Every structure is written in C-alpha cells, then in structure tokens.
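Note that the chains are named A, B, C and D in the order they appear, and that numbering of residues resets to 1 at the start of each chain.
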Amino acid sequence: MTPEDAIAAAAAEYSNWGRWGGGDVLGTINFIDETKRRQGAACARTGVSFSLAQRFDMNGPQKGWRRRTNPVHTMLDTGMDAVHGDQGFPHGFGGADDVIAMPLQCSTQWDGLGHIFDHGRAWNGRPADRVVTGEGDQVTGIEHMAAPVAGRGVLLDVGRVFGGGELPDGFAITEEHLNATAEAHGVAVGRGDIVCVRTGQLSRVRREGWGDYAGGPAPGLSFWSAGWLHRTEIAAVATDTWGFEVRPNEFEGAFQPLHQVVIPHIGLLVGEMWDLDALAAHCADDGVYEFFLAAAPLPITGAVGSPVNPLAIK
Amino acid sequence: MTPEDAIAAAAAEYSNWGRWGGGDVLGTINFIDETKRRQGAACARTGVSFSLAQRFDMNGPQKGWRRRTNPVHTMLDTGMDAVHGDQGFPHGFGGADDVIAMPLQCSTQWDGLGHIFDHGRAWNGRPADRVVTGEGDQVTGIEHMAAPVAGRGVLLDVGRVFGGGELPDGFAITEEHLNATAEAHGVAVGRGDIVCVRTGQLSRVRREGWGDYAGGPAPGLSFWSAGWLHRTEIAAVATDTWGFEVRPNEFEGAFQPLHQVVIPHIGLLVGEMWDLDALAAHCADDGVYEFFLAAAPLPITGAVGSPVNPLAIK
Amino acid sequence: MTPEDAIAAAAAEYSNWGRWGGGDVLGTINFIDETKRRQGAACARTGVSFSLAQRFDMNGPQKGWRRRTNPVHTMLDTGMDAVHGDQGFPHGFGGADDVIAMPLQCSTQWDGLGHIFDHGRAWNGRPADRVVTGEGDQVTGIEHMAAPVAGRGVLLDVGRVFGGGELPDGFAITEEHLNATAEAHGVAVGRGDIVCVRTGQLSRVRREGWGDYAGGPAPGLSFWSAGWLHRTEIAAVATDTWGFEVRPNEFEGAFQPLHQVVIPHIGLLVGEMWDLDALAAHCADDGVYEFFLAAAPLPITGAVGSPVNPLAIK
Amino acid sequence: MTPEDAIAAAAAEYSNWGRWGGGDVLGTINFIDETKRRQGAACARTGVSFSLAQRFDMNGPQKGWRRRTNPVHTMLDTGMDAVHGDQGFPHGFGGADDVIAMPLQCSTQWDGLGHIFDHGRAWNGRPADRVVTGEGDQVTGIEHMAAPVAGRGVLLDVGRVFGGGELPDGFAITEEHLNATAEAHGVAVGRGDIVCVRTGQLSRVRREGWGDYAGGPAPGLSFWSAGWLHRTEIAAVATDTWGFEVRPNEFEGAFQPLHQVVIPHIGLLVGEMWDLDALAAHCADDGVYEFFLAAAPLPITGAVGSPVNPLAIK
C-alpha cells in the first residue's frame, strides 16, 4: 500500500464528516458535554493544580522553520521608567506594560481545525481555500472553541511504562502501547476525554538541549493509532512533543500523515509541546491518572491554532 | 485629605507586604489553596461552561494609547496556498499557520503584579526598577502564576442590581453596592474567591460602539472599595471594563489610584475587559452566582500582564 | 461608459505588458537608466538634502483598516538598563536595542508591483494567485527594486499652483493641472523621472489632525490622468496623500480605479504618504523644481510594498 | 594597561563631546556638509547603482541573541485572496498587503547614537538613562538623521588587498591596513566621507552558511583603529560583518570595546551587515573606489538603529 493509499484508507474509515451536521465547527470537542465536564470537575479531589504549559520566551525550540520564531516579548514601559524616568503620571503612580509577537504554534498550543488539510479539504469536507484565507479561518477559527474545552483529562505516561521514563526518538506509539499504558495506570479512556500522552522527549531535551525538538526525530503516535483515536471518541489528544506523531514519519517521504487523517477527517483537537512532567510525577506518586483539565484556547478570531496554558487539577 | 494622602493612607492600612514572606511572587493568589480549588470544582454542578473572554482581533477598543494596539493576526500559510499554490508537502498534505502581534493588555487580561507601582515600589515593597527592567519582570513575572489561578468564582452583577442592567459611566461601585449585590444574589464572598464584577459597560459599548471604552469614562470600583477588596481576602477581582476602577477617577488629577493601592500594596490580581454577559444572563436565570473558574495566564516569562480566556463552569 | 468599461479601456490603452519582456519585474523603473541617474546626480547643485519621509511612530494616521496599524516600536534594552540595571557587559559597556512591528504601507512607502491586481492579473499579465501567495510576492517582490530607484526627481506642487498651498479634498488632478503646474514651475517632466505631486493635504492634516487621512476624502490624481502617467514614461509617481488618487473616486462605487490601471498595467511605481512640504518650500524659494532623488525600498523578500525614506538633494 | 584603562584613554583622546555644541544629535554626520554632498554627487560618473543591503527575510543570520530574530514578513492579503476569495472590492480590483516584525538591527543597518554607552554616558556626555528610556531614544533618535546621510562613499576592500578576497576571522584591521588599502586603491579618505570597509566575511558565509556570523569570530576593525576613525573625520564607517570590529575582541573578557569608544565618544555613525560584494567587484574592475552614497535611515521616532538600503552610485 502506498502512503497515499494508506492515508486515503484511514481517512475514509475514520471520517467524522457530517457526524455533527454540515455546519459543525467543533469536531470531537462535541464529545465534551455537560456530563463530561461534571465528571471532570469531580476529578479535582485534592485541589492540587498543575500548569501543563512550557514558558513562552526566546529560550524555546523554534529555529525559523516556515517562519516560526520563538515568542518575542518586549516592554513598552518598565519599573525603570517609573523610577528614573518621567512617565507623566500623578501622585507617585507608575506602570509597566508589554507586547508580544509570536507564531500561534510556537510553544504549548492547540492545533485548530483549520490547521491541516487533506487534498484541499478541511474539517467536515469543506474546501480548504474557502475556509482559511489571507484573513484567517473564516469558518472554524479557534474562537469557536473559546468555551467548551474543559473536562476530564487522562494521562497516559507511555514514556514511563515503555521507556523507563523517556521513549527514544522514532518510537511509534501504537494502540497496543496506549491500551497497555492505560491498564498499567489503572485508568480507562472514555468518550469526551482529553488524553495527554507523555513520551518523555521534553524531559530529555530539557536536560540535553533543544536540538531538533522543533521538527526533528521524536517519539510520538503511530500513524496506525488513528483507529484508536477515532474509536475511543476522545475529545482531544496532546503530547509533550513538537508534532504529536512519531518522526521520522512511518512512510517514506511523508509529512505528518497522522495529522492529515485526524484533523481534517476525525476533527480531532490536537495539542503539542505540552509540559506533562510535573503532572506525570504526581500521578506516578499517587497512582491517579485522571484529573480535571481546563485548556481553553485564546479566542483569536480566525486563528488556526492558539497558545494555551492547560490547567490540570487533581 | 489630598489624593496623595488618601492613597498613602489606604496603602498603609491595606498593605499585605511581608504577609507571605519576603520572597513572595503571588500576592493574594496565595489565598487560593487546595481546599478553595476543591470548593471551586464543586460549583460545577451542571457542567455548562462559559468563556469570559472577548474575541482577540482588530475590532477591539484600542486606539494607540501608550502604544497599545488591537491584536494583529496574520497568516503564514493558508488553505489557498494549500489548494492553489505549492506548499511543497507530499501526498496531498496541506497546512495553515499564523502569527500574532499584540500588547499583552489589549483585550481580556490579567494585570501582573509588576504592572503598577506606587512611588517606585512594586509588590511586597520591592524597588520597581529592580523588578521590571527592559528584559521584563525579573521577579514577579506572570509565569509564576501559571498553575494556581483556578478556584471558586463569584459574579456580582452590580449592573443588574443597581443599573437595570448597565451602570452609567462614572458610577463608583462602593463596598455598600458590592455587599448589597451579593445579598441580592444570595451569594457570599469569601477568602480566596475570584470576584467578577459586572458593570454592564461592555454590553453598552457592544450596542453603541467602542467609543472611549479604552480609557474614557466608565463605571467601576470606587477608590473607597479598597478596604473591602483587602478585608474580604479575595484572590482576584475582574470587571467588564477597561480599567476595573471608576473613571473619571474620584480624585481630581488622579490616574487609577485604586490600582496604585491594590496591585503593589494588596498584591491583588486584577482582571480587565472580561466579558461577563453570557454568564450573567445564566446566573440571572438560575439564581446561582458561584461557579468554578479557571483563568490561567499564558506563562510569558517576565510579562507584567497576560491575555486570558477565563472559563466559568457552573 | 460603466466604471468597468472605463477601467478596461484605460488598461488596454496604456498597457506596458511585454514591453520589457515576459520576465520583467521592474515595470517603469526600467525607464531609469544610467543616463537618467547621472542626470539626477547633476541636479545636486547646492548639496542641500531633504528627507521626504514622515516619521514612523504611533502618532500616525492608521486606524486599523484592513489590519493596518501605525508602527509599534519597542525597546529590548535601554539606557536605563545600562545605568540602573545589570546588562551583564564588562568594562562599563552598555547598550540599547529595539524592534518594530508595522504594516509595510503604514507610512511613507512604495507600492510594490504585487500590491494591486486587475481581474486577477498582476503586472505583466501574470495570474495574481501565482505571484502573491501566503509566502509573499514570488515574482515581483520589492527586493528586485533594491538597486535602481534613484535618479531625477521633479516636484509638481499642484497644491501651491491651484490651491493656494492646499487642494481641497475631492480635488481631481488632471493632465491639465499637471502640465500647467510644470509650466508654472518652469520644469519639464521626462522619461525616467520620479514625479512628486504635492497636494497640500498633509500640511492640512498636520495642522488640523489626521481625521480620515487614511482612506477618507483627499485630493489626488484623477483617473483620467492615466494617459499622462503612461505617455510621459515617468518611472514613478508619489504624493503626500494616503492613496495617490483622488477620493472619493470618480466612479460611483469604485475603489482606487487608477491604481487598478497604473500598477498592474502600466507597471508604475507609486509612492504614498510622502512628506513634500520642506522640499516644496525650498523649491518655491529658489524656483528650482528638479533634484536628485534616492528612494530605495528596503529589500524585504517577497514584500508588496516597502517603507522608504526618500532623499531629495538639490 | 587594563582593558578599562585602554578604553578610557581612547575615549578621552578621541572625544568629540561638545564639538558641535551641547545640543548636538548628529555626531560625525555633521561632517557631511553641502559641499560634501555635491562632491558625492559628482562621483556618480556612469550612473550605475548598487544596493548595499542584504535581503530582509527569515534566511538571515540571527539566532535569538538578546531577542534578535530575523525579520518576520507576513501577508495580510494575497493574490490568492484576490483570485479565489472575495476581497469585497468592486470592478475586478484586487490587492495584497503585508506586515513585518523585526529587530531594527537584524540585517543591514545603522547603529544610532543611542545604541551604545560608556559607563552610563551616551553621545555628547549625556546620561544614558535620560536619553534612552522605555519609550525609546528621547534625544538622539535615528529620526534626526533622516535627511543628512548622503555624500561621498569610499570603499576600502581590505579583504581583497590583504586577504586575497576574504580576511580570516579574528583578523584585526589596523590603521596601517586601512591606509595601505586606500593607497592600493588610489583613493583618499577625507573629512565627511562614508567609509565602507569590506572584509569578505559575508562572501565566505554566503558560500559556507551563516554559522556564527551573528556575534561569533569575525574579521573587523582593530580597537587601535579608533585614532584613525577620529582623526580622518569621516562621517560614518560600515562593514560587511555583524559587529564592525574584530571578534574575538582584542582585550580578554571585553565586549565590543571599539563601539564603546566610537559611538558615545566620537559620535560616529556605524553601519553593519552591509553587502559590499557587488560594489567591490565593480570597483576592482574599473579601479574607482569612490561613489555617491545615499543611506538614509528610516525615521523611526526614538529608534537606536535602523534598517537601511544604502545606494551606491558610480
């Protein structure tokens, strides 16, 4: 089977086009209903909270691929201006203010539904060129996901179970690995869950330097996990890697073929560059791998992705 | 009493300097403990969720004051490039990507603890010029608040109770208004709560146009509410206005004197430009004014503020 | 004649498509040859120099139309950091550094040949969607004009000759006005010249406030001046207005129809928002309306416009 | 002699503080008078023109040092939007528009007088923290140099004369090298000239990859050339390297000590990352090493540097 045939077969078999009507803009986030959110909230048993975001600054992994830089944060006013300058405010008032310029997918992020296309088709079968124009995503912009993305999170620490903490680059995580990890953790993955898959790559690059974290070899989900991602009816999946799927990709000459199936065909929300380490350590300690997860994107009108600071509360 | 004397008196009376040790970087967010987060989660009774963020786009209120623009979102790649161009990807793969440039306080946001100073002093008494330099907030950067900001939210819809839906510009919300609103709602404000005060101004400008929403006349908290903000030991306060306090300010020639007390002296986290309308309508319907609130800032290293999409779940 | 017919007729009559070969990327800049540059340099008779650029800062005219903001200039390091902070440099060294974010056409600028299309055709008849993609202008990017744009400049101060200094908004400058102004000045316009047409609008908005300078009513070139712009074989034209042609446009419901003829069909380089006031005052004094003009765009790869600081030397 | 003593001695010996009055904002650009500009124009003998700028795009040398990125150029509208989308314009009109975000010193540039300080002092002896604040350079912003920077340029191709085309990294160009090169070229350097020193490093990195061009080892002017730079009364100096002076610097532990002398004390305008290769080839061919040079910075208010496209006309 050629790569294109494999992609086409998976696209056909796992398609959710039309499942939530022709006008749908949410994809698998539709699986997060009020019950699921209550169930998520019920996982906040002790109240301890974890940020699953990397820090947004120039010490990030981006090297300029497709014009992606690290975030550039600059000050408009500072405490120095307040103390040694003359800000022109009365009564001893002083202030600092700042700006940022960044690609929306430079660090911890959600891929919007308009981020990836298959043969010119976007989510729900729409023509990609009518969806994402120079003015942004006119149909499935990330702003539509402003409210719903909170519910039950599940951590699958495949790195710990199969890699002694860290999977090697190129390790393809299959359905079997996912199921075995869930079983080892004593946790069940269900419809509407947000599944966080830890590979351990982020721990490694933190220790050894970014290297080619942004686009180079990495552990990640196998192309062949698409069926699992579809069948489980999860709402979203997120990893601690740049691109969520294994790299090099499993087909010669391919580029992110799992993206090509899960975003436009399954309508799956995909998170990348999440920092799962502190949460994973806590889960390993108490043996509880479910939690409340709130991971609302910034509602940037027409965006095809968004930086996010996902909060996990156990 | 001169404005400066009033500010100094409030600063002295309500100071939390040293309350959480000399090294504190969280201020009143310290009031959010695990118990409070569990209590917050318990407020998620039906699972309905609300985004309290305005949309981030060029249709915002900013007009350039102190170099604040509306967010500029641009595309790096589009669906058009995928369909009609040649992105150079194999197997029918196509993608869209985007960037943003924006002031961190251009839309729905948290003021960081390094945002406002009083006579050259930042939160906890530190010299402002040692805290916020050209490289950003070296001590109390918003990244320190990545994990804790989730707990019990309370809506005080003062606009509804005292304004028939919308308070007029210049309306100063006092302790008495806050208490009476809480009583009318049948809700109690407690230590560690995140209090959302709705004035209704955002509803009005949505209907009538932004006008001078960014910095002009507005309803908002009275300078004299500082005692209430301190005594209640709330973790944070947020409004649907540009600047959270009433404008014009209550002292002639003053500029945001309540900020000058609550940020550097109380260490209070302040939210601005929140969109409380949908949540308020729901609360008015079911009479329940408490909810689970997750409002994690983006952990931008050294930032003195952050855009945020606060999620309220009832 | 309908607007579309008029545009089509002018496009057909004044087309330069193919004039410099199928691969041309320079348009009328081809008219600037070495002789013309020598002739320009010979106009530098006294050595006095004028910048024809407005200042690039937040006090500009942009109000957000099509996501155009004023330039946002921010500091990375400051003298305050050098003096009161710790920049980490040895031996008393200190430094300041800065960044800018701006639309390329926010202030004094050149329109690139990829800026405007007519019925999907770009300069020289190329399909616009093959020329300017999400990655920029792949064919006629402004970088191709890095070297040639210097030569003889001619000022036609129509504002002075026909408006007592300032033409009223809506004043359409025709061929007759242009010729009469040249005659009044005692200057001849020739092949390869860069013609600066002063309307005086910038003087007026400087005095009265920007108002709708960016896109509102303005004096400017008449649609019917297209023939003159073609016939004279000038290399470029620039005005002190936002959009170079008269506004409101002369056809009902039209949008910048002269652009639609001169950029894609004539291949004319168009400058906008130039500040011609100081130069005009000098020319009025000495009666000399020709000068050396160096107006090289920044060679931003793939850009469809460029900020520019045009230097006039008399 | 310690590095600090050497720097202090050079600063004292070559200081131009007060030379043009206490209010001066131009430094050695004062040496460019009208006569010099006429003399420059007279060098335009054939009319051939050269851009001395590198291209501004993501393929540049920056790697994030002190938050310096390569320029990020993005499109607001494209030819694709014009052809396949609906831009909402009448009569077949279509347009493309773009924005840029970039450090002002990311590519071919001028260092402003507010760029470098010595022991807290900026050009003309002013306190650095009163000159360059969070709002930019309040005194010597690059906008003050909008008009004067055009005159006689001289190329000293030290790379060709002493390096067979390219000097090795670490090669310190002394006064002797400069004089011998001028002699070899048969050109005299005089007061008010803009001197372009070609090392050949840019040719090498173009061939071999950027490597550490941005801040790493490089040929460049020796610290001990400060006297020559002062005595010759040149208006400006520019090189084809990142930092104009030799690297590693000649004092152990130093950082750009020649900058520390020439910018705050001499008031010298310094250009970096200029592309002198095409001009140098032409000069080698015809043996003429002088030319008309127009190198006006963009007048960005308060900027401590500016991108520039210097035009050389022979």
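One rule holds in what follows: contacts are C-beta pairs under 8 Å (C-beta built on N, C-alpha and C of every residue); 3 or more make two chains touch, one makes a residue touch a chain.
No experiment lies behind these values; they were computed from the predicted model shown.
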Query raised in the report: Hey, what chains does chain A share as contacts with chain D?
Result: B, C
Requested in this report: Report same or different for the chain B and chain D interface, where same means the shared residue numbers exceed half of all residue numbers found there.
Outcome: same
Query raised in the report: Comparing residue numbers, which of A-D, A-C or B-D shares more than half of the contact pairs of B-C?
Result: A-D
Report summary line: CA centroids of chain B and chain D: separation to the nearest Å works out as 45
Query raised in the report: Taking each chain's centre as its mean C-alpha position, how far apart are chain C and chain D in Å?
Result: 26
Query raised in the report: Going by the touch rule set out above, which residues of chain D reach two or more other chains?
Result: 67, 72-78, 80-81, 83-85, 99, 101, 129-130, 133-135
Report task. Name the graph shape formed by the protein chains and their touching pairs; answer line, ring, star, complete or other. Result -> complete
Query raised in the report: In the complex of these two chains, what residues of chain A are touching chain D?
Result: 58, 64, 67, 69-70, 72-78, 80-81, 84-85, 101, 129-130, 133-135
Query raised in the report: In their shared complex, at which residues does chain B touch chain A?
Result: 3-4, 7, 33-38, 40-42, 44-51, 53-57, 59, 66-68, 71, 73, 75-80, 82-84, 89-105, 114-120, 122, 127-137, 143, 146-150, 251, 253-257, 259-260, 292, 294, 296-305, 307-311, 313
